[in-house]
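I'd like to ask you about the structure that follows.
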């Protein structure tokens, strides 16, 4: 099913060329006027004289071979342009994911198992942080930690691995803030729900020590919905990363996507969109697999939303 | 079991808006109040603004609050308070459009799928599943590339991206409602499908629809502000909150954070209010359906 | 007529051998909607080794609570007064390893097997967990014992079953697995909380037969909780009837149906339609069953629904009266003796 989504998404991305007012050439050139040789090259490259579906098919074949077209602005292969930036985005998303998983799940488990001060404060904090968009978090973090405290740089990529980590810390947190809240909440709710289930009573009634009951019956069972929400959240990071990259002037795919959209470089936008949607689908597939592994009642692909 | 015979369910259970609100408790009411204020400002903002939000005086850029200018000036020397008040309009209008389109489309799809069931349901559900793969922001970026940057393109793109999610949630409720006994009773009486759906099914799903709309508004607001922040939604120099953050971000490193922070604060406040109210309405809707 | 004996001494005294389980004056309060409410009041009874005792009552009577109190499974915030003694030792004060050891000696099986077995773990894991954790039995030994026990409950292909997941088994099979798992720790007392209510009648009979055989084989005492008076009578030597958190009657099962000592028992027995008789209308007990905290204070809890109620029933909470052949919490017990049978119209 997800593969079909991918196909349809690629179709939409391709079809965008025709949705624009004017002809495909205008869309590809972003409304710029082109010399006739360029027009001719475009016509050949995109097979614009062939029937629509054939155009799509040929384009798709090119894509699968790694040929994503050429940027109208920079006159370079889109694939090269993407490759040089993809690690920035990947690194950022990875860093943010780790934060979300460690802090979000950790907080959720702790407040799910205990009642009282920790629990209430978790609820309040998550309610607020869920509403903080990444770019607002970004400017607050820049203000506090970059300008006032000077612990982290306010923008840029950094040069070496360690310097990268340093530069990516604030962006990663900005990206993680609002997603963290929902992961923490769902974790807390699942842990609470599982702890109240009857099979936990059975384990207690047979004298299983509390710690083992919690680990093997509560957390293990709660892992199912937690995996789902974590997966969905991480997948959504892929798109939101663009906002954070722009806010922190990071040289990633997202920032480049936005810049290309502004300058109407359609080929680049198409290429990056494809990469992002594919990444999104891949993450969802991984979540599906993990879900089927964790819940023996469910067959592959049976994950209910 | 109790001797009292099962009372035939009311075909339509309506509830006044006020009672729905009060049932969300003091926190919910507080959130509703915030939303009411925000709506008021959105509608009357330009009239309330003490100064012209677009009047720029570069010699006054980044000046701190003084005299009649309660919040000072932004990077372009415009009165910050006036811009905040005026900005509420686009910041709230965009999400409203998204929610309206989404809920109408989502309800239609959900009710159709639930009513017809079988092949129609399978087709609609598969169609919705397929659309899940497209993150909203990405679709908005694509729309901006093709149609040019602007609020309308972004709002429509977001609405399209959200509809599968909304339709999914509503379909579940519609299916449940469909299998209630009163529906069968009405069908047997010869009432038309459209009539049953419009006059009974949908009104009974209202608590859920309202709750979902409220939550959705929050998400739409965040996403649209992000798109405007990126420069692909509302365009500068319009006083949209997302745009204002982007315009004034440079002020932070220069030591003038207020004009970037305050629009952010406005967004967070309103979104929190919508989230909080929406969650409580959702709980009420769930409770009512048990 | 002599005065009724005081409640303290009015336990059904074990004849021969010390009691395995001794419950005395058990009173339990739970947090219900923010306030502490009574759910059990002065419950006292004893079970001998190898004895099967039925505990009958409707919803709210406190029968499940009694079992949970015995197994220390009450919800957080519960207040417990009175004493529960197992093989002479006080149960309430057990902790740590002692408590876990106790849980091995007192096993509980529950009503809905599907809710009470972890759906994401295999049957083998479910059955052997207690053995491996508490009794330090090796995995292979534990599995061998599990397979043997499954055979005892009528499941032949034990090895295959151990590898399956709960959702692959039917309700009846799963209940048998639960029984087998409960018996692996070699308990001396089995608390059965409505084990057959969620099963269809045929399966019910099979499970009851298995319980009967296992009890004899392992000399297992059993507290069998049910709302079904006839079922309790068929399986247990003695039956205790509870209403509104109190014991209202204790009687040998054979005599309970035809010669009850308390009006509530009589009404329960009469309410069940007899397949051999034609009745023009079902006899229901007017009103609804109450929990302990809903019962009117200072009077007999059953009085509002009792056809035999008199003024004296509303002046004080009745104490247990010991009669020849049983106990009854009815002020008019001696007077009504012999007149409460099913054949007599109220």
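Lettered A, B and C in written order, each chain numbered from 1.
The working rule: contacts are C-beta pairs under 8 Å (C-beta built on N, C-alpha and C of every residue); 3 or more make two chains touch, one makes a residue touch a chain.
Because the structure is predicted, anything quoted here is derived from the model rather than measured.
Trainee: Which other chains touch chain B while also touching chain C?
Mentor: A
Trainee: Could you find the two chains linked by the most C-beta contact pairs?
Mentor: The chain pair sharing the largest number of C-beta contacts is A-B.
Trainee: I'd like to verify one number: the distance from the centre of chain A to the centre of chain C, where each centre is the average of its C-alpha atoms, in whole angstrom.
Mentor: 55
Trainee: Please report how many Å separate the Cα centroid of chain A from that of chain B, as a whole number.
Mentor: Computed value for the inter-centroid distance: 22 Å.
Trainee: Can you list the residues of chain A that touch 2 or more other chains?
Mentor: In chain A, nothing touches at least two other chains.
Trainee: Can you tell me which positions in chain B touch chain A when the two form their complex?
Mentor: Against chain A, the touching part of chain B is residues 126, 129-138, 141-142, 144-149, 168, 218, 222, 225-226, 229-232, 242, 245-246, 249, 252-253, 255, 257, 260-261, 264, 267-268, 271-272, 275-276.
Trainee: Tell me, which parts of chain C touch chain A in their complex?
Mentor: 71, 73, 99-104, 107-108, 110, 112, 115-121, 129-130, 133-134, 165, 167, 178, 181-182, 185
Trainee: Name, in rising order, each residue of chain A that touches chain B in their complex.
Mentor: 1-2, 4-6, 8-9, 12-13, 16-17, 19-21, 27, 30, 127-128, 130-136, 139-140, 142-143, 146-147, 154, 178, 235-236, 238-240, 242-243, 246-247, 257-258, 260-262, 264-266, 269, 273, 276-277, 280-281, 284, 305
Trainee: Which residues of chain A touch chain C in the complex?
Mentor: Chain A reaches chain C through residues 197-199, 201-209, 212, 216-217, 220-221, 224, 294-297.
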